[in-house]
Each structure stands twice: as structure tokens, then as C-alpha cells.
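Okay, got some structures for you below.
Both complexes below contain chain A, partnered by chain B and then by chain C.
The block that comes next holds the complex of A and B.
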């Protein structure tokens, strides 16, 4: 009996069966640009954790005797206008970028999935409200809105901090002031960038719900939760992962943009965007001060874009371009 | 759909400005703000002593009435020095304090810049897209697509300085950079190129996809069969069919250029609309800043609507109800 069943199983089994995820991994490993992206992502993670121990200097440490120097043995990437070590500041900027990318991505994903799913499942006025909110957020020029929100937020956060200080004696040291900047950026970028994921999740759920296999599952008497957990979630995970990867790079880029405009990370905090705008006046005399943070920012953003592209090709086989 | 969206956008900007960090009265008075009588007087003159709802309705009235209100610099004081001081050069009315005049005056400069960027895009990006499609799946194709990904991923404030260093310091092609001296001056070339790199990938990809789709079509084979040179087959038959989606996306790109020019303007010190936004955000001249945000929101909403309608016009399967 068992042998019989085994034989029958062998007859119907495919010669080689791979799950979507195995297939996706194999596809991804074949894509050289995506491998570059993976490498960049891991390097960024490593540097943002261990950055401060990799360099003998502190990122705010000034040495006014050695300003605007080119690369040397002491300062591998030179020093800026206040004699701070460029390499140290770039390493610290990686921490800023990674933290912002991580927290903003978590924020937008949670907000996007909850709002998108709520819209798709509840329908009616909830759906209308979520979609109108998305339309309105989309109507704004996003960088200007984020800049506006962060200027307003910064004031509120500072007021709150003063209040806490007076009321409970909570003080924030000068060195930790940069965490307030982080808070401001997390809030403003999450508020501006949530809608992409909400629209994506809503669209996925609405289109999947009409598919035949869901109808079949329903006809077999599966409960709503079974359908959600075993069909809707796995099937919409692919596009969501791609959107998260691209969004991670996008959030880091937006942080650099806000800091470049002067409304993000404030000096002496280190952010690549802030370093570019800080040293922009020096482009004629000390071009390396502008180029180095710029090149690092470019490599990281490119890495995440390549990774997102590679994941898109790997996880959404029906959309493969070539 | 247009009006409610615009009204809510207005409400959000107004609320942010209302609870914003910079007290307009202080921005106007500068050092004098501690004088209580003067403070109350200016507050009344600006209409800030009224309740929120009244202020908002009044603001909506000025916006829809087409007047758009006055810059805080009209009332003198600190805000004026910072808001008006930097914008010099042709086409900018540096002395006007009406929000509409300021926004439209600066918009003219951004529009000229965007025009050149569009010219670069239509010439180079479409050419590259066609080339990539014709040489589909060869090294040339991969090189074009990958380099457009690179060009479009890197932000303007990285590409800008790098181009400055290359074309001013290393190979001195340009002598004077920065500022604005009309759209036909050499100063406009570099900023326009930097601005064009942003949407390059979209245009290259779309042109490539459009051409690839028609490569094997019957009408192309017919054209070849009757002995038409390949150059003309591409130009007359393929491009014409493939251009429709590219043209619609050029519309979207235009609104992106107008709203996205702020980094280029910041780097090259061009007194366009983006620069105006950043200046007024920093100096606390909220009436002008809100004017810019609302104006850009209007552009975005209108272009989105037009694109939707255009798709409907081109594709009879799309219906609106």
C-alpha cells in the first residue's frame, strides 16, 4: 500500500521542483548588479554598527591647525573646514543613513500595510478615506512637504524637550541633540512616504481576491484567516519586499536631501547630505570635500536601486523584462 | 476631484504655517518684537489676532481670488532682507512683494531651465532608448540602460558639483558658473543637463520598450521588404508608433522638472521657484512659501488629471464614471 502510494507519487512528481523563494534566490545570485547591491547593504550595516571603532577620531573632534587638508596618512580622506576627519564623518554618516532608512521603512511599511489592508478589506468609507489621504499626500511636492513638516516638528520637539527638562529635569547633552534631529526626520519622512505602500498593498489584495484560486479556496469552505495567511500574504510579499528595498534607499536619499537643504540633520551631526552642503562652498579649492560624501551617497543609493531591480526580476517572474 | 484636493492641500499647508516655528510678527519686527504695543499693532495689521477658522477662510479667499496675498517683506523688517536680497538677474522682479508676482517671476526662470532639460531629454534620452532597442540584449543595450539607471539614481546635488569640478576645474569649458543670466547664456547649460539626468531613465526605458514592441510587427517588415533603409524604418515607422506613451510621460516629467528643480537651483544659485521656496522656508516668510507649495501642488494635480484624460483619449478601453 505504502509502496503503491510512493510509486503513484513518483509518477506525478515533477522532475525538479523549486519553490518561488528558491527560484528567486537563484535568479538574484545570477544578477551581478544585485550582488553589488547586497554587498553595499551589508557593508552599510557593518559600518553603521562598528563605524565609531574603525577610526581613531571622534566625528565632532576639531583640529583648527589642520583644516581643508587632502588625503594623508593621518587623515585618509582629508579634513574639512573645521579640521574634522572626513573618513570618520563619512562613517558616522553611514549610521545616520542606515538608521533613517531602517526606521522610516518600518514606519511606512506598518502604516502602509495597515491602511492599505484596512481599505481593501473594509471597503466603503474607510477605503475612500485612505485613498483620498493618499491622493492628497501625492499632490504635494514631497521634498517641500517633508521640509515644511520637519521645520514645524523640530520646533515642537524642542519645546517638548524644554518642557521635560523643566518638569522632570530630563536633560539632553549637546552630543545627543542629534537624536532629536533623527526623531524629526523619522516623523516627517514617514508622513510623506507611506502612500506608495498603502496603494500597493490595497491593489494587491483587491486583485488577488478576484483570482480563481481564491474563489476555489472559498468554495472549499476556507475561513477568511486561512485565505489571508496562506494566500494573500505570501502572494503580496514579493512586490512588498521590492517596495521595501527601494523605499529603504529612497528614505536614505530623502534624509540626505533634507540635510542638504538644511532642514535635516544639523551640524555637528554627520549626514552625507549635510556634509555636501557644508562643503559646497569649497568645490573650487578642495573638491574632494564635496566629492567624497557625494560618491559614498551615490554608491549606496545605486546599490539599493540595483538590489530592488534584481529582487523585482527575481520575485515577480511575470514581470521579468528580459 | 480637483477642487476638494486643492482645498485640503491648502488646509494642511495653512495649518502647518499657523503652528509653524517662526512667528510672523517676530519675523517682521526683528529686534523690536519685545515692545508689546508694537507687537500687538503688527499682529493686528497682519490679521493674526483673529481665530484660526476666520484666518483660513480669509486665506482661501485671497488664493481663489487670484491675489495670493503679500510677502512678509512688504511689512519691512528682517524677513525682507533675506527673502528678497538674493534674487538678481534677468527675469526676476526683485522688488515686488506680492506673492503671485514673486512666484510667477521665479517660475519663469525655473520654466526656462526645465525647457532646456526637456530639450536634452527628447534629443538624448529618446536617441539612447532607440539605440538600446535596436541593439536589444547586446552590450550596447546593457551599457545604455545601466548608465541611465546610474544617472537617474544619483541626486542632483552629487552630479552637479561633480560636473562643476570636471567642466570648470579639470577641463575649463565654462568660466562663469552659478547665477542666472537668461536662458540663452552659457550658464544655463550645466544646470539644464543636471536637471535632465533625473527623469532620463524613465524616458530611455519607455522609448526602448516602445520600440522593442514594434520590432517584429508586420508594418515594419513591410517597410523593410520594400527596400526602405533601416534608418528610415526606425524614424518613420517605429518611432511614430512608440512615441505615444513617451509623449504622455514627458508631460509627467515636465511637472517633475518644475517641482524638482530646487536642488539644481540651490547648487547653481539660480533664483528659480525652488530656491524661493527654500529661502522663504528658512526666513519664515510663510505667505510666499505656502504660495509656492500650493502652486506646485496645483501643477502636480493638474498634470495627473491631464495624463489620466490623455490615456482615456488614446486608449478607448479606459472609461470614466
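The block that comes next holds the complex of A and C.
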């Protein structure tokens, strides 16, 4: 007997009180694609933290005697045009992808929620300003705008770094220069991708505010905090969580696109997009050098999209199969 | 609890209530207005109404005549651009219009509860119904989670939800229409309020379920000695469930009295029109249903004189200039210059 049938027919069962979140988790665990997404997310987290220790090579270590090799015992996924171990670079690319996904998502969520909520609650010129900014951002193709911002931004970051070096003697080692690239990517992608969440949050608040159950809640004498915490947030958080999850994959894909175009992570830093771009010349002779980072990127983004879909179903009780 | 009435002006006309009963709620000259771009909308325009302890009063009228706005004025839940600009609403010794937000929160749900028209939208979709019933009791009765849960289970059983333990953790969309309204009624009765405002409680339901829900509300209200205000446009509900009926037109009361008297001997032409437009079992196939000609007046620019004269078959010059006040006719009161022996209307 399934849990659903039990709830319908067993009159004497005493079901424990469950919250929306417990229900959602149970629902999510029944969705195989979502489980795949969870698995991918955790694998990515693990690899991005421990990746560098899993491989005996350094991601910048070159071996010019063994370039463009296929998979072997020494190099499981082969080597690229400079004799660097592909597996190591893919593991390092996972760190880049995860950091970009995490920080850009945090950035866009904070910016989007703050601006969207401010627009919805304050209305008037604040709302108009936020929404026009969103319209303007939307009017440009994301990647084009991100590429433009990152080019401008990179110069500023380099100037700042130079300034800090002169002023305070803060130097940055060659191996850590990739973190400057991260900074540029985080900034440009956040500035390009915030508007989706701002519009989502604003729309949610505006529509929920008019809902009768909010009025009914007032008629019960509930305080504003009760209404916000028990009714507004659970009803608006679902779509936001879904947007965050899908946005995570989207941010990684955007980073790969920027790096592929050469305005993202700069060599020798490792990013899946940068690896595809780097090895594109080898496409005809060693297709695996291009395919492997591409496949990894596709699997990870797909995983996050599956997870987003699963969460969408799980967090929306009305869409559940009865 | 008796209202302290000594400080207020005496309202002479009470509309045929039993004399031994005390008023629980006294609305005196209530004016509720909305500021819009088109001008000031006078949604409730000088309404006086007493609700006596233990009675069920039906408030009827067309859409937009101010029934719901009267209820929302009582609750202090008028939409943003609306305000009760004048008058008094006295309940348990307090003028609700002068209560602070915090005072009103203690009254809402605990002393005055409301049943909404459409339970599907009036209940939160992401919270189990058990939690929603417990919530009000946790707020007002300071019950712990477990106590509230036990009480909520009792309530569910009491309002006729089969196997409440199994249904406790269901969401609102998993219930049928009638069961949803039962859940809402359980919430409304959870804190044992003195006054129940039911805003078209059965409009969203099947006819067969309507009767069950009305019986349930009436039964529960009687059991708890509760006073109820039924807002409706359905004369059948009034006839079946109410003790007294008040007819509103354009924000004013035009007739009030015991249900039997008003339905059998309607004095006001508007009441006569409303009753005449109810399909009757005696009408023959092919008969046209009576309808009141014209539309309700624009609440921004109300006509002078009687608000109904534009649509009234009996209107003359006096009706166009002077506004009639409520006068006693038999057991009821009506505000009309033209009160005459009632026409033969299907009731």
C-alpha cells in the first residue's frame, strides 16, 4: 500500500504532522530524474572541493613529450595539446563551474530578491526604476552583454590589483591569477542574470498580496509576521527555489560560453568552456579532447535542470499526483 | 456580553427583533468610502443596523450594493483605498472603527470570525488544513501545538469531515467543494467567536451541498449561541436560514424585518422586485422572469432623493427630491414614500 492510499483509506492511522518541506522531500525522492540531479550536484560539490587531490598531476603541468594522447593508464582521459592531463583539468574545471554557479546564484538571488521585493512593496518610482533596469538588461542578448561587461570589468580589476600591489605590496602569484578571472566572471554574470529573479519575486509578491487566503488570514487575526512567514514565503519560495536551481546550471553554461569565446577564464586556468575552446584545433584528429569537457558540462547542466524540474513538482502540492 | 449602549444615541427602529434580546453589534450611520480616480465611491452610505444576540440576519442586495463592504468595515479589513469615514460600529463595548491594529487583531478570528465565499482561494494552498485550523487557536487561545492539534481534530469531526485523522495532513485541493467549506467553517468556529460573518458562504457550491452547509452553520451557531450575519443574494438562503432580513440598495438599508414578514409582505418596491425575480414553481413554461429594469446607480454620483427612483415603477417628484427614512410598517421597516398594500409576488 502506498502512502497516498494509506492516507485516504486507513481511518485509524495517526499520521504524524508533516510540513510542506517534508512532503516535498518525500516527493523529490520518488522522482528518478531529480535523484540523478541530486547525485550530480553532490558529485560536483565533492569534486570541486577534493578534485585537485584526486589526481597526481597539477592542472598546469605540461609534458610536451606526450601531447594529444588518447586515454591510457597514466592519463585516463588523455592529454591535451600541451601534454596536460585532461582528467585533472576537468576536475579543476568542476571547481570553476561550481564556484561560478554558487557565487553567481547567490549574487543574482540576493540582488533579485532585494530589488524585486523593494519594487513590489515600495511601488512608485522605485518599482519603475527596477523594472526599467530589468527591461534594459533584458533587451541585450545575455552573452553579448556579459562579454562586454567582462572585458570592461577585467581592465578595472587588473588596474585595481596593480594599484594594490603598488600601494600595499599585495602581490598575486601566477597560479592564483585565475581568481581574478573568477571575480570578473562573477561580476559580469551577476549583472546580466539578476533580472529574472527580480521579476519573479516581484510578480510573486504582487499576486500573493491580492490572494484571498491572505485576507482570510488577516480575518483570523494573524500578525504580519505570521502571514509573511507561514503564508507568503512558502507560497513564493517554491518558484524561487526552482529558479535558483535552474539558474545554477545556467550560470555554469554562461561561464563556459564566455570562456569559450575567450573573455572568461583565461588560460592556463581550467574551465570546461575554456578547454573546449583550447582544443578546438584538435577537433578533427582528437575529437575526445573537445567532446569530454562538453559531455561533462552537458551532464552537469542537465542534472541541475532535472533537479529544478523535480523541485518544481515537489514544492507545488497542487501538481502532485494524488 | 451586553453592549454598553448608554453612551450612544438611541436608534429607535430595530426592525422587528424580539424585545428581550440585547444587541451584540450596533452599526450606526456607517459611511464607507473609496477614493478612486473617478471620485469618491460611497460603498456604504449611512447604514444603521443592530444585530441581536443569537439571531441570524440575512443581508441581501445586488452585487455592489455594499454588503461585503459592510462586513469588511466590521472586520477593519477594507482594501487600501477604502475607509470607514463616519459612523460607529459598536461591539462588546468597543467602537471597532476606533480600535488600533493590535486591538483588532485580538478581535478578528477570536471574537468575530469570517467565512469566505470561495474556500479554494481563501485557504493557503501550501499548508495542510490541519495546520490552518490549529493556527488560529495557537494565535488566540495560546494553545500548544499538540493541544491545538487535538482540538482541530475534534473540530474536523464536528463539522462532518469523515476520518479527520487521515484528512488532517491533506491540502485544500484534495477536498471537494463542500468539504472545503466545512474546513473553512471549522477554522471560523475554532476560537468560538461571538459573531460570525458569512460572505456568500454557499455561492461556490452545488445546490445540494448548499443546504448541508447552511444547516451546518446554523446548527453550530445555535449550539454556541452565536450571532451570524449571512451576506447573500439568494432569497432561498434567507427564507431557509435567517431570522431577520435586511435589504440593502446603493449602500443604504431600504427594508428590514422578520423574514416571514418581509418575504410575504415586501414593502419596498426594490424588495418586491428582488422577490419577483426569483423563479417560482408556479410560473408556466415560456413565462419571462421578472427583472428590475436599469442598473444600480453609480456610487460616485448618487442621485438625489430616493436612491432607487431611477428604476422604480412608482417614483414621483417627491421620490426624486426627498430621501425617505426607515419607517415602521407592521413588524418591519422600509424606507419608501410609496409603501402600499403589497403586490402579489411569488415568495
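Basically, the second predicted complex is superposed on the first by the 290 of 322 C-alpha atoms of A that agree within 3 Å, B and C clash if a C-alpha of one lies under 4 Å from a C-alpha of the other, contacts with A are read in each partner's own complex, and residues count from 1 in each chain.
Operating definition for what follows: a contact is a pair of C-beta atoms (placed from the backbone, for glycine too) under 8 Å apart; a residue touches a chain by one contact, two chains touch by 3 or more.
Everything numeric in this text was worked out from a predicted model, so none of it was measured.
Novice: Report for A:255: first if it touches chain B alone, second if chain C alone, otherwise both or neither.
Specialist: A:255 sits against neither chain B nor chain C.
Novice: So, A:294: does it touch chain B (first), chain C (second), both, or neither?
Specialist: first
Novice: So which one touches more of the residues on chain A, chain B or chain C?
Specialist: Of chain B and chain C, more residues of chain A lie in contact with B.
Novice: Touching A:313 in the superposition: chain B (first), chain C (second), both, neither?
Specialist: A:313 contacts neither chain B nor chain C.
Novice: For A:85 in the superposed arrangement: first (chain B), second (chain C), both or neither?
Specialist: A:85 contacts neither chain B nor chain C.
Novice: State whether A:278 touches chain B only (first), chain C only (second), both chains, or neither.
Specialist: Neither: A:278 stays clear of chain B and chain C.
Novice: Using the superposition on chain A described above, determine whether A:154 touches chain B (first), chain C (second), both, or neither.
Specialist: A:154 contacts chain B only, not chain C.
Novice: Pick one for A:127: touches chain B only (first), chain C only (second), both, or neither.
Specialist: neither
Novice: For chain A, what residues appear in both contact lists, the one with chain B and the one with chain C?
Specialist: Common to the two interfaces on chain A: residues 322.
Novice: Can you list the chain B residues touching chain A in their complex?
Specialist: Residues 1, 5-6, 8-9, 12-13, 16, 19-21, 137, 146, 149-150, 153-155, 157-158, 161-162, 164-165, 168-169, 259-260, 262-263, 266-267, 277-278, 281-282, 289, 292-293, 296-297, 300-301, 304.
Novice: List the residues on chain A that touch chain C in their complex, please.
Specialist: Result: residues 7-15, 17-18, 20, 211-213, 215-223, 226, 230-231, 234-235, 238, 317-318, 322 of chain A touch chain C.
Novice: Which residues, counting only chain A, touch chain B once they are in their complex?
Specialist: 33, 132, 135-136, 138-141, 143-145, 147-149, 151-152, 154-156, 253, 256-257, 260-263, 273, 276-277, 280, 283-284, 287, 290-291, 294-295, 297-298, 301-302, 305-306, 309, 322
Novice: Which stretch or stretches of chain C touch chain A in the complex?
Specialist: 75, 77, 104-110, 113-114, 116, 118, 121-128, 130-131, 135-136, 139-140, 145, 149, 162-163, 165-166, 168-171, 173-174, 184, 187
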